[in-house]
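Listed next: structures, encoded as structure tokens.
In the two assemblies presented below, chain A is common to both, partnered first by chain B and then by chain C.
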Partner chain A sequence: MSDDPNTSSEPSAQELVDDEDLATWLVAGAEKAQATRRNFLTTMAGAAGAAAIASTGCDTRLWEKYTQKHYKELNAADKQKLIARVEAEAADRYGVEIKVGDPRPLPGVGYAYALNLSYCIGCRRCEYACARENNTSRDPEIHYIRVLAIEKGTMSVEESESDYEGAVPSPDKYYMPVQCHQCDHPPCVRACPVEATWKEKDGIVVVDYDWCIGCRYCEAACPYWARRFNFGAPTIRPSEINPVQGLLSNRLRPMGVIEKCTFCLHRTRVGRYPACLEVCPTGSRKFGNLLDPNSEVRQIIQSKRIFVFKEELGTIPRFYYYFD
Partner chain B sequence: MDPSELLHFLIDTTRSAARGGRAFYSVMAVLGAIMAAAGFAYSQQMLHGLSVTGMSDHVSWGLYISNFTFLVGVAAAAVMLVLPTYVMHDVDLRNAVLIGEGVAVGALVMCLCFVTVDMGGPQRFWHLMPGIGRPNWPVSLLMWDVIVLNGYLALNTLIPFYLLFSKYMNRKPHPAYKFFAILSVFWAVSIHLTTAFLYASQPARPFWHTALLGPRFLASAFCAGTALIMLVLWFIKTNTAYVIKDETFRKLALIVTVAAQINLIMLASELFVEFYHPTQHTGSAFYLWFGLHGHAPLVPWIWPAIGANVIVTVLMSVNTYRKNIARVLPLCVVLFVAVWVEKGMGMIVPGFTPSPLGEVVEYHPTWVEVTVTLGVWALGISIIIVLVRVAISIELGMLTHKNREGFSHQPFYTPRAQAARPTMHQPRPQAESLGKQHVPHASPDQQPAYEPRNGPQGPKKKI
Partner chain C sequence: MGLWAAIVLLFALPVVASCGGGGEPAHAQGGEHAGEPSVPDADIVIPPRTTQLATYPCVEQCHADRVANPTPRPLREFHSAKHIEHGDTTFWCNFCHNFDNLNTLHLLDGRTATFDEAYRLCGECHGDKRRDWALGIHGLQTGFWNGEKTRRSCTACHDPHAPRRPRFQALPAPHPRTGVQ
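Our next item is the complex of A and B:
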């Protein structure tokens, strides 16, 4: 990872260590641990505890958390309550003020993504922009995008490597970023035993972080290795938290749930591009409304040489690779 | 059914289950200690999440789900006793049925525990329940599996419960129970096919995506599970007065042999298809058998397992060898372990390796996983011990409602009280003379043949 503009934008070790609010973060963590102990004691206090739970906001949140209804069963008031809880938790845990929204699919919109394999240089900027945008855990490190460096002369991912280092692009490699393909026949959605993941009207597959039981069957079912599991509690420094969050996309996740790329629905449903597209220095990434005959992405899919990854599996992805 | 009778039954069986010799208490203490260690390990997992396991986004299921898959097969194997007894009216296997069902219950409890400890949010289990949760039925195979496993657990708990209660009350069981027994036969096949379909339904994982997986699961289940039941039966035969005929063992050994042969034929078919013309999808098989890109953690496990499998199957296929029970039992141990390797880690981990993007990441279980796994096995074994002990003391006529007067007034556990009561650790009656009288579920007029006697017994054999 040199200073060459065509290399990964992974934060340097220097950036990671010399961070002024590392201390704030640690203090917040200690306070949180104390709060947890208080919660536990209150809960244990039995009948007396019930009154305490009703009287303190923190304990009410704990009760709400364990009895949280499925996203699709929420009415407007429930949703407001949930959003308030999510925002309060972020304040408690990280000491940051966040704004959680819940943009719904736009009528007449079905998203599609097209990625130009002829131009991608494998700089991994999309991978890190995605992590920053979506508040994914930094330790353990979670990335929704996996950039594969594939030997020229083959199209087999078996011949690829994702942990390449050094200057890019390498003359004997081409690069293929893989992320959630938002399949129209999603094996992950069919696998989920509790309907914690589903496909929305605009084609985006989302996860209800309050409903996922963490069985990881969807992860086994995905042919694109696009799902990530929070094996430990996700960690992220408060200064790195993106405060603009979506209930079904980039809000801070708890331990033990699955997460995945949502085409940045908190951006795209309000008319912005996904973070991975905005950061791409080569213009390899194209995104838009597949239902609009004049959209760029529709034109590309209609007129270019298209490659659908693992097309033989019948997943009908909304993610297309193309060549110039 | 009088509620007070039921209460008496529950009290008496609980007492009977808690009472035993020094060996019994020692075994239970060891199992308890293992469970306590597992409890500690699991508390670490609750605290730090599944990050304390060796699993990753690459190999997202490991030791827990491997054991789960194997034990579903053990549970399904009870059908090999239920089917001949209740459907074909085979008298030789009748004494073994309740034992087989006890083993099935223990295996099912282990299955459910393994799934639970594998969950990232076990406190959200209620999301699976109809009414309050949102079960994704009939689409999700995992939801199917939850349903069939719990249904099979209910059948295998309630049928023996009813039969033992009838025997305890000295009543003839209502013949309707046979309907449920036959239902459990189909149910047993369904639990293991459903578990196989859980994997086989995933085109993302070519190693599992084969129509042979279901039949192969059944074959390996019927050899490993039946082998375990044989071992349990042998233990009961040598340590209690409960009569299990040699013919029972011979028939079970035959079942194990045929199932092992079919399993090997299917293994050979699988290997042929994988390696005759290797494709990209053969990566998992290479990883399992020879290693891939320098990673070969399963190779030292799979070769000995399959080697043992082949040797045992060949030996057991020799009629004269198989008919000698003393020589077959060690083979059952070997077969059980070999199938555990082949069908547990040998089936789950290669399914994840290489990943759908061609990456090879090794999986090694951590001490937390190993400890929790041992604890779940300890729990299952202690459940089997308790259920089998109760079943035997009722079947031997030592625990009856008629006889409970003096029983219930005696102090719970004193050496005198123990000496005054008949126990299951009596010298074994002559099999020839008493064998016929011990047929369970016989009509009431045949029952008093083995009245419990009062007074001190002869030298006791203890478990």
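Our next item is the complex of A and C:
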């Protein structure tokens, strides 16, 4: 039973969440973030203008940050500058060296996800693997995936619970993980007053973390509760930071912006499977190119009775569920 | 008469169409396992099982001079930890293990399969799972959705002697913040 997650060398749940080290980091991280903001405000209040702000490396970055253009308006040079700034910020704040890339949609590829509800046992391995992969805040805790435990014989999401504990699967429950459905008619995108979120050619809905004003309209608009807001400065232990980052996906976020599942675009746009899929001990999760008739998702669509969640809303999700 | 022909056609057509559709991808057929569902593509790696079995090769390690006994009975001396919870009470070792060469398994028609090819044996009863597995939609697959993948054979996840998987401990429920605190 080599693949049994109970015996693998991955960190246990306790190691992931209860750590004295982390507590120290939470405090240090929050203080540092506050200091940076104060520093910026003082500099602005000094009214010394752009010249003064540009006088030190750190202040230059702040100036750049507050005059940052929308992602879609960046040219190659701007993008390089942005990447350099993001990398420098990570070094500053966390003391880690990260590599930020910006993989673009692959031609002829449209992603879709399929999840077998007969197999999912609600173990939450996917939730934690996602957090590790996507550098989501550990405190306040942000998980893109929410696993609902639903009474067998019903389809009642309203009566489901997501805070179950203990041994799974419970004999009278089935489990339905919910994450961003990358809808083809995304209500979240239409709700955004500043166009900080949009749908890319391969179907993935992304957020420009520099453009988001944190109004949370999109979070309210999403019928799948898939968007997460950084109420606090995200904290994450430097040793746990995934250094392979994407500009529109798992790069380290600031406080006050929205974030969401991006089908791990920094992985999937270079051909790899999403992190949640690879960790699933039951193989419930399947991912692939909807436009390729031999892909796994297409085989599932052809041979299983699939359904989408809240179909009546007309969101056209790219996330299919099925029982088999 | 014409009406009946039309009705019959109406029902027959979708059936014919759906027969051609599902099943195995065309590029993965034939080869040494002709007549069985497809063997995996070239870019699919199946991690070997034999290297992980402590007592393999069975013949060289024990069974060169120890004849396997095909009579069902409680095992006290050897394999006493083995616990068969598979196929009710009808299974005994020789249902799957090849008693003529214990380093291999045998299929129903007398051909043999290695321990690394357990999917050929399991698929003889669990044809639906075998077909899904060949399409990449049953079991865990990791690697590249558009390239080389690692596909687990049946026995990587299921203990063939007791294939129902044990319950897991769920990881703790997260404690998200839902407002400014």
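One rule holds for everything that comes next: the second predicted complex is superposed on the first by the 274 of 324 C-alpha atoms of A that agree within 3 Å, B and C clash if a C-alpha of one lies under 4 Å from a C-alpha of the other, contacts with A are read in each partner's own complex, and residues count from 1 in each chain.
Heads up, the rule we're going with is that contacts are C-beta pairs under 8 Å (C-beta built on N, C-alpha and C of every residue); 3 or more make two chains touch, one makes a residue touch a chain.
In this text the structure is predicted, and so the values were computed from the model without any measurement.
In the superposition on chain A, contact of A:187 is made with chain B only, not with chain C. Touch criterion met: A:232 reaches chain B and chain C at once.
In the superposition on chain A, A:286 makes contact with chain C only, not with chain B.
Of the two partner chains placed by superposition, only chain C is touched by A:123; chain B is not. Of the two partner chains, chain C is the only one that A:272 touches; chain B does not reach it. Of the two partner chains, chain B is the only one touched by A:156; chain C is not.
Touch criterion not met for A:172: it reaches neither chain B nor chain C. Applying the stated contact rule after C-alpha superposition, one finds that A:220 touches chain B and leaves chain C untouched. Counting contacts as defined above, chain A residues 140, 162, 228, 231-232 meet chain B in one complex and chain C in the other.
Of all the residues in chain A, the ones that touch chain B in their complex are 66, 70, 140, 146, 148, 156-160, 162, 178, 187, 190-196, 211-217, 219-225, 227-233, 255-258, 310, 313-314. For chain C in complex with chain A, the touching residues are 21-22, 25, 27, 47, 52, 132, 135-147, 152, 156-157, 159, 165, 167-181. Across the complex, chain A is touched by residues 48-51, 53, 55-58, 60-61, 115, 118-125, 127-128, 133-136, 139-143, 146, 198, 202-205, 280, 283, 351-352, 354-359 of chain B.
Per the touch definition, chain A reaches chain C in the complex via residues 1-3, 5-6, 13, 16-17, 114, 121-125, 127-128, 140-143, 162-169, 228, 231-232, 268, 271-273, 277-278, 280-283, 286-289, 294-296, 299-300, 302-304, 324.
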